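Two complexes, one shared chain (chain A), two partners (chain B, chain C).
And then the complex of A and B:
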C-alpha cells in the first residue's frame, strides 16, 4: 500500500489513548458482582485496528467510552462509532469489525446495536440499516475474503507501528 | 604390520577382490607415511585398477589414491612426486564422469601438499574448469570441488593470480545454478574468499555479482529433520556478506536492493534494508550517491506507511547508514550535494507534518528527522537549526490542545536527544547551545503548564534526554523549578515520580547543580517539618532525598540530617514515623554501597555498623514490645553494611561470643570495644547471653542474625559457633514469637552455610540432625514439630545452596515427612522455600557459599522420587506429592524444567479435576499456566483430557482458579492449528459461560482467550 495510492484520509488526526481502567478493591472480591458498563464494552473494542492505517479505532477516535452504552439489566448494548471522514468507504467494514468482536466477546444475552454517530457519515442511514440486518451481517461473515479482512482488524496482535 | 610386498599385492588384486577401500587405506597409509612404500610404487601397484576397462574399478582405484593422499602429512611429497601426481590427476580428469568425484578428492588432498608448485596448482584448477561440468555432479561431489577452489583461493592466491582472465569465467561456470543450501554456504564463503584474496575481478564483476545475486532475497524453509540444521539466517547472512564485500558490486547491488524494497513481500523488504545497511559499511560515497534519490523515496515511503514496525525500524537505520556514507569519510562534491538535496527534501516534507502535531504523520516525520540527525553532524546542524526553533515556538503557542503540546514536546526532545550524539554540537559555542534559550523556554512553559497534568508529565518524560543540550544556567533553573514543583502539595504522586526521575538524571550528569539548588530546599523542609496535615508529603521528601543520594557529595549531608531526625523521633516522635525514616535510610544505604566513595563514607566516616548497632539497642530498650518493622529495617541496614566491610571478623567474633557466654568468659571487654559511648543499661543488654525467656534480650537476635548473615565467612577460630547453633535451635523451638522464630531459623541456616568445610560442619550437621529428629517426634506438640520442620527446611536449603553432600539426609527427611498426616501439606509447601529466592537469606550478596546450579541439582534429586511416590500412592500422600511438585516449579527456570516436562505434566494434569481438593487445584492451575506459557508443546498429546478439564474450571471455582484456567487455555491456543482444530468449537462453546462471569477480571480473561481461539484456523487468523 502506498501513500496517496489507496488511502482516503492520508494524515488522520491521532488522539490520546485512555488510561487503563482504574481498579476497585471490590474487583478482587469474588462475592461482589461487577456489572457490565460502557467502559468494559469500550475496552473490548478499543484495540480493533483500522483497516487502512496502522492505528487503533481508539487512536482515531472512531470509538470512545462515552459512545458505548450498556443496559446490563435490560440486556442491551449500543455502540456508536464515528468515521474519520464523512465519505469514509471503510465505515461499514469498521462497523462489521465492531459487531463481530462484540459477538465473540459479549454474553449472548445482550442485544447489540452498532450504529454510526448521527451526522458523521454521508451514507449513515444505509450503513446503519446494513449493520442492523442480521441476515446481511451473517452473510458477510460467510464470505471468507471479507472475514479475513475483518479478522485482521480484530486479531489480538501487537500494534503494527507505534505512535510516539 | 604386514610386509610391504603383501600390501602391494593386495593392491594389485584390488579389481577382482571385494576389499573395502577404507580399510585398505588404513592398512597402507602408515606404510606410505613411513616411507616403507613409495607413492610411485602404490600408483604402479594400482595399475590394474586404474587402467581397468570398467569405470567402476577405475573409480575404486582413484578413490583409494585419494584416501592415501589425504593421509599424507603436508610436507610429504617432494616436488618431483607432486609434479607426477598433478600430471596424473589432470589426465584422470578426462576420464569417465563416474571417476571424476574421486579425482576431485585427490585434487583436494594434493593441493594441501606444500611442495606443490604454483604452475601445478594452476593446471589442476584449469583442468577442473576445462574438463568438469560441476553442476552435473552430485551434491557432495560439488562441495568437494568448491572446497578445493576455496582452499586454492585462501592459500594459493598467488598461483591463481597467474591464471589471469580465465579464472573468473571458470569459477562462475562452476558455481552457477547451485541449489543445495549446504553447498550454497560454501559457495558464498568461496566468493567472499575470492573477493578478499585481492584478485582482480574486472571485467567480470557483473557476471560474478549476477551469479550470487540470483539468490537474493533468500527464501528457504529448512526441511524437517535436516541433519545439517541449516537455517535461513545462515544463508541470508552468507549472501549478505558477499553482496557487502566489495564496492565494485555497488552499481548492480543498489538497484537490486531498491527493486526488492519496492516489492510487496515483507521478508524481502527487511532483507533488502538490512543488506543495505551492511553494504553502506563498505561502499563509498561515490558508489552510493547516484542512487540517493530513489532510495530516499523508498525509505521514506516505508516509514510514512508505518505498516510494519520491523520494516519501519530497518528503513530508519538504512536511511541513517546511507546519509552517513554520503557525509562521513571520503566524500565528493557530488555526494555532499546528494546528501544536501536529501536533507532538504526531508526537512521540507517533515516540517509541514510537524506543524500538525495531532496527526498521524507527525511521528513518522519525527523519526525520519531523528534518523537523519543521528547519521552525521552536518545534517544534524542543518535539521536542528530549522526544526528546533519551529518546535520550540510551537510549544509556546496557546491555541493548540494539550495533546498537541505533549506531542510537540516529545518530538522536540527526540530530535535534541539525537543531536546530542555529536559531541562538538554540544560545545559552548556549538550549534545546540545557540538553540538552548528557546528550548529551555519551551520546557519551562511545559513544566508550568496549566493545560493539565498530562502536559507536565510529558515534559518530565522528555526533559532528561535534553539535559546534555542545556547549559548550566538553564540546568540550575531546571533544578530549582523541579524542586519547587516537588514540594508543591498540589502535585500528584505520578508527577512527583516523574520529577524524582528527572532530578536523579540531572544529578548523575551534574551533581553540583543538585547539591546547590535542589538539596537545600529539601533539607530545609525536613528540618522545619512539613505541613502536619500532609504526612504523605514528608514521605515524598524523604524518598526524593533518598533517590538523589547517588553520590557521596549528596549522600553525606542527606544521611546526617536524616539520622539526626531519626534519633529524635526514637525518643520523641511516633515510632511509625521513625520506621519511615529508617526504611528510607535502608534504601539509600543499599544503593550507595554500590559506589566505592559512598561505601567508604558509610563504613569509615559515618561508622555505620556502630551507629546501627547502637540504634538497635536503644530501640530495644526504649519500646516494649519493640517495633518489629523498625528492628527488621535496622537489621537490613546492618546486614548490608557488614556484607560490605572488608574485615568484620572482630565484630562477628565479639557478638557471637557475647551471645553465647555473656561477659564472663573470653570477651575481652568487647562491649566497650563495640560501642565506646554506651550507657550501662546498653552494656547489660549487649552482654547478656541469648535467652528466649528474656523479653528484651531475645530481641538482640535481630542484630545477631544480621551480623552472621552479612559476614563474609565464619572463621575457624570462632570456636563457639557450635554452641551458638545449639542455642539458636533451642530458641527457635521454644519461642512463641513467630517473627523471632523465623529470624532464629535464618540465623541457623546462615551459620550452617558459612561454616568451613571440615569436621566443624559435619559435627554441627550431626547435632542438628539429632535435635530435629527429637523435635519431629510424633509425640511432640504440633507447634514444636512445625518449628522443627522450619529448621529442617532451612538447614536443607543452606546445605543445598552450598552444594554439600550432607544435604542428602535432609532432603530425604523432607520427602519422608510428606507421609506424615500432621505435617504432610506443610512439608509439601516447604519445598518451595528450598528453591525460592529469599530477599536476603542465603543470597550471594550476603556472601553465602553458593554452588552454581544448586537449584537444578536439588530439583533433579527430588523430581523422580516425587513422581514415583505420586504414581504408587493414594490419598493424602498423593496430594502432598502433587503440591510439592507444584510449589517447586514456579521457581525454577524453564531450561531446568524442560527435560522433565513430559514426566511432570501428567502429575500436574491429574490435579486439574474438580474432585481433587481445593488446595491442589489452586496450586496446580497456577503452575500449569506458567508451564504452558513457556512450553505448551508437551501438552499436545493430553489435549483431549486437558481442554474439558480446564473448561470446567472456568466456572463455579474461586476467582483465581477461573482466571488461571483461562490463562492456560490462552496459552494452549499457541499450539499448531492442526492439533487444536478438532477442539475449537467445543472450546468456543465452553467459554461462553465465562463471558458472563460475575467478575470483570474473569470476563476480561475469557474475552481475550475466546478471541484467540476464534482465530485458530480462521481466515486472516493464525
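And then the complex of A and C:
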C-alpha cells in the first residue's frame, strides 16, 4: 500500500471513542441468551484501522454504533460506513476490511450487508455492488497482496499503556 | 419432503458448483478448497470416488462434462481451465487452457462436443474448438460484455451460446461466416445476472439475478406468427415472464429440467425453490407456479442446483456450508 507521497485526507477529523458497554447482571448468567445487537457488531469493527492513517474507523467516524443494524432473529446484519471524503479511493478497501472481520467473527447464520452511507461517496453504487458480490470478494481475498493489506487494517494493535 | 436423501461432505470450504455427467451416474463438485470431487452411488449410499486436488492453485469455480461423458472441464480463479480424461479409472489432466487475464468463472460444452466456451472477470467469452488428441484451439475472443462474465451455457442442440454478466445483461452469440458474434442482448435485470439455463427445446431461457428475480425469455424466429419484428433476419428474444417477490436474497443458480420442465433455483436465503409452467399457459405470456420452497435447504447460501439428466426429480445442490445435498422431488411431478 502506497502510504508514501500524498495522503488523500491530510487532516481528518478525529472523533472521541465511545464508552464501554453498560453491563447488565444477566450478561454473566449463562442460562440467559444474549442476542447480538448493534453494539456487539460495532465492537467487532471499531478498531479496524484506516489504510492511510494510524487511526481507527471509530476515531474517524467511518463506522458508528448507530450504523450497525442487527436483526438477530432474522439473521441479518447491515453495516453502513461513511468514507471521510466523497472521493476516497480507500472506500473499497475499508468495505473489504469490515467484510473480512465480520466473516471471521460472526456466526455463519448471519447474512451481512456492508454498504456505504447513502450520499457519502461519489461511486457508492459501484462500490456497494462490488462489496455485495461474494464471488468478487472471495476472489479478492485470494489475492495475497490485497489480503495482506486488509489483514494489516484488521490486525489488533499492540496494547497501549493506557488500556482501561 | 424437505429432507435431503443424502448429504455429501468432504469439501473443506464452500462448494461453488455441481454438475452431473450425461448418464446421470456421476456427480461432480468443485469449490474454494481448490479441489474437484466425483461422487457416485455404491449400493444405497453416495460415495466420493475421486478427489482431484493438485491441478488448480485457486478456487475451482465451475465444472462441466462433455456430451460424450468422456471429458470433464474445470474452470478456476487461477485463470486456467483444465481438461480431464475420464475414460479410465485413473482420471488425468490432459490439457490446460490458458489465456484469460484473470478468474475464469464458467465453462460449457456445445451439444456436438466439438466446441467449448469459457468466460472470465476479464469481461470476455472465449470459444474453443476441440480437435483430436486433446488439442484445444481458441477460435474466438468475444469482449462483448462491459463487466465480469459470470456464466456461459450452450443451446441444447444448436451452436448458439449464451452468457450472463455483472453488467446486468445476457448475450446470445452465433457463428456467422466463420466468426462468432452477438446477435441479441437481453436487458431487463436490475443487477448482476448470475446464471442462465435453456429449456429442453432451446426456445426459452431462464435467467436469475442479484435483483432477486427469475426471468423467462422466449425466442421469436424470423416469420413468427406473433408478428414480432426480427431485424436483419436474426432471432429476437423477449422476456415473457418475471418471477419476483419469492426470493429474499440474490439468486445464484437456475436449472431447467429437460425431463419435467421444472425450474429449480438456488438462493442466498438458503432456500431451493421449484417452479413449473401452468399447463394451459399462454405461450407468449406463460404463468409459472411456485411448486415448492425448501426452507433452510442448507445452513448457508445455496450456490448451485442441477437436475439429474436421466432420473426424474433428482436434484443436486451445493452450498457455502461446504456440503452437497441430493433431493428427490419425483413426487411433485
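By definition in this document, the second predicted complex is superposed on the first by the 154 of 164 C-alpha atoms of A that agree within 3 Å, B and C clash if a C-alpha of one lies under 4 Å from a C-alpha of the other, contacts with A are read in each partner's own complex, and residues count from 1 in each chain.
Following the convention adopted for this analysis, a contact is a pair of C-beta atoms (placed from the backbone, for glycine too) under 8 Å apart; a residue touches a chain by one contact, two chains touch by 3 or more.
Nothing here was measured: the structure is a model prediction, and the numbers come from that model.
J.: Touch check for A:25: first (chain B), second (chain C), both, or neither?
T.: After superposing on A, A:25 lies clear of both chain B and chain C.
J.: Under the stated touch criterion, name the partner, chain B or chain C, that contacts more residues in chain A.
T.: Partner with more touched residues of chain A: B.
J.: Could you say whether A:108 touches chain B, chain C, both of them, or neither, answering first, second, both or neither?
T.: So A:108 meets both chain B and chain C here.
J.: Look at A:136 in the shared chain and tell me whether it touches chain B only, chain C only, both, or neither; answer first, second, both or neither.
T.: second
J.: Where does A:40 make contact in the superposed view: on chain B (first), on chain C (second), on both, or on neither?
T.: The first partner, chain B, only.
J.: According to the stated criteria, A:148 is in contact with first (chain B), second (chain C), both, or neither; which is it?
T.: It touches chain B, and chain C stays clear.
J.: After lining up the shared chain so the two structures overlap, which partner does A:156 touch, if you call chain B first and chain C second: first, second, both or neither?
T.: Only chain B; A:156 stays clear of chain C.
J.: What is the shared patch of chain A, the residues that chain B and chain C both contact?
T.: 108-109
J.: Can you name the residues of chain C that touch chain A in the complex?
T.: 14, 32, 58-59, 61, 77, 102-103, 105, 121, 148, 150, 166, 191-192, 210, 249-250, 268-269, 299-301, 320-321
J.: Can you check the complex and tell me which residues of chain A touch chain C?
T.: Touching chain C from chain A are residues 108-109, 111, 129, 132-136, 138-139, 142.
J.: Contact residues on chain A for chain B in the complex?
T.: So the residues of chain A touching chain B come out as 1-3, 10-16, 27-28, 30, 33-34, 40, 43-44, 53-55, 101, 104-109, 144-145, 147-152, 154-156, 159-164.
J.: Show which residues of chain B lie in contact with chain A when the two form their complex.
T.: Interface residues on the chain B side: 301, 304-309, 312, 353, 356, 358-364, 403, 406-407, 410, 454, 958-959, 992, 995-996, 998-1001, 1003-1004, 1006-1008, 1010-1012, 1014-1015, 1018-1021.
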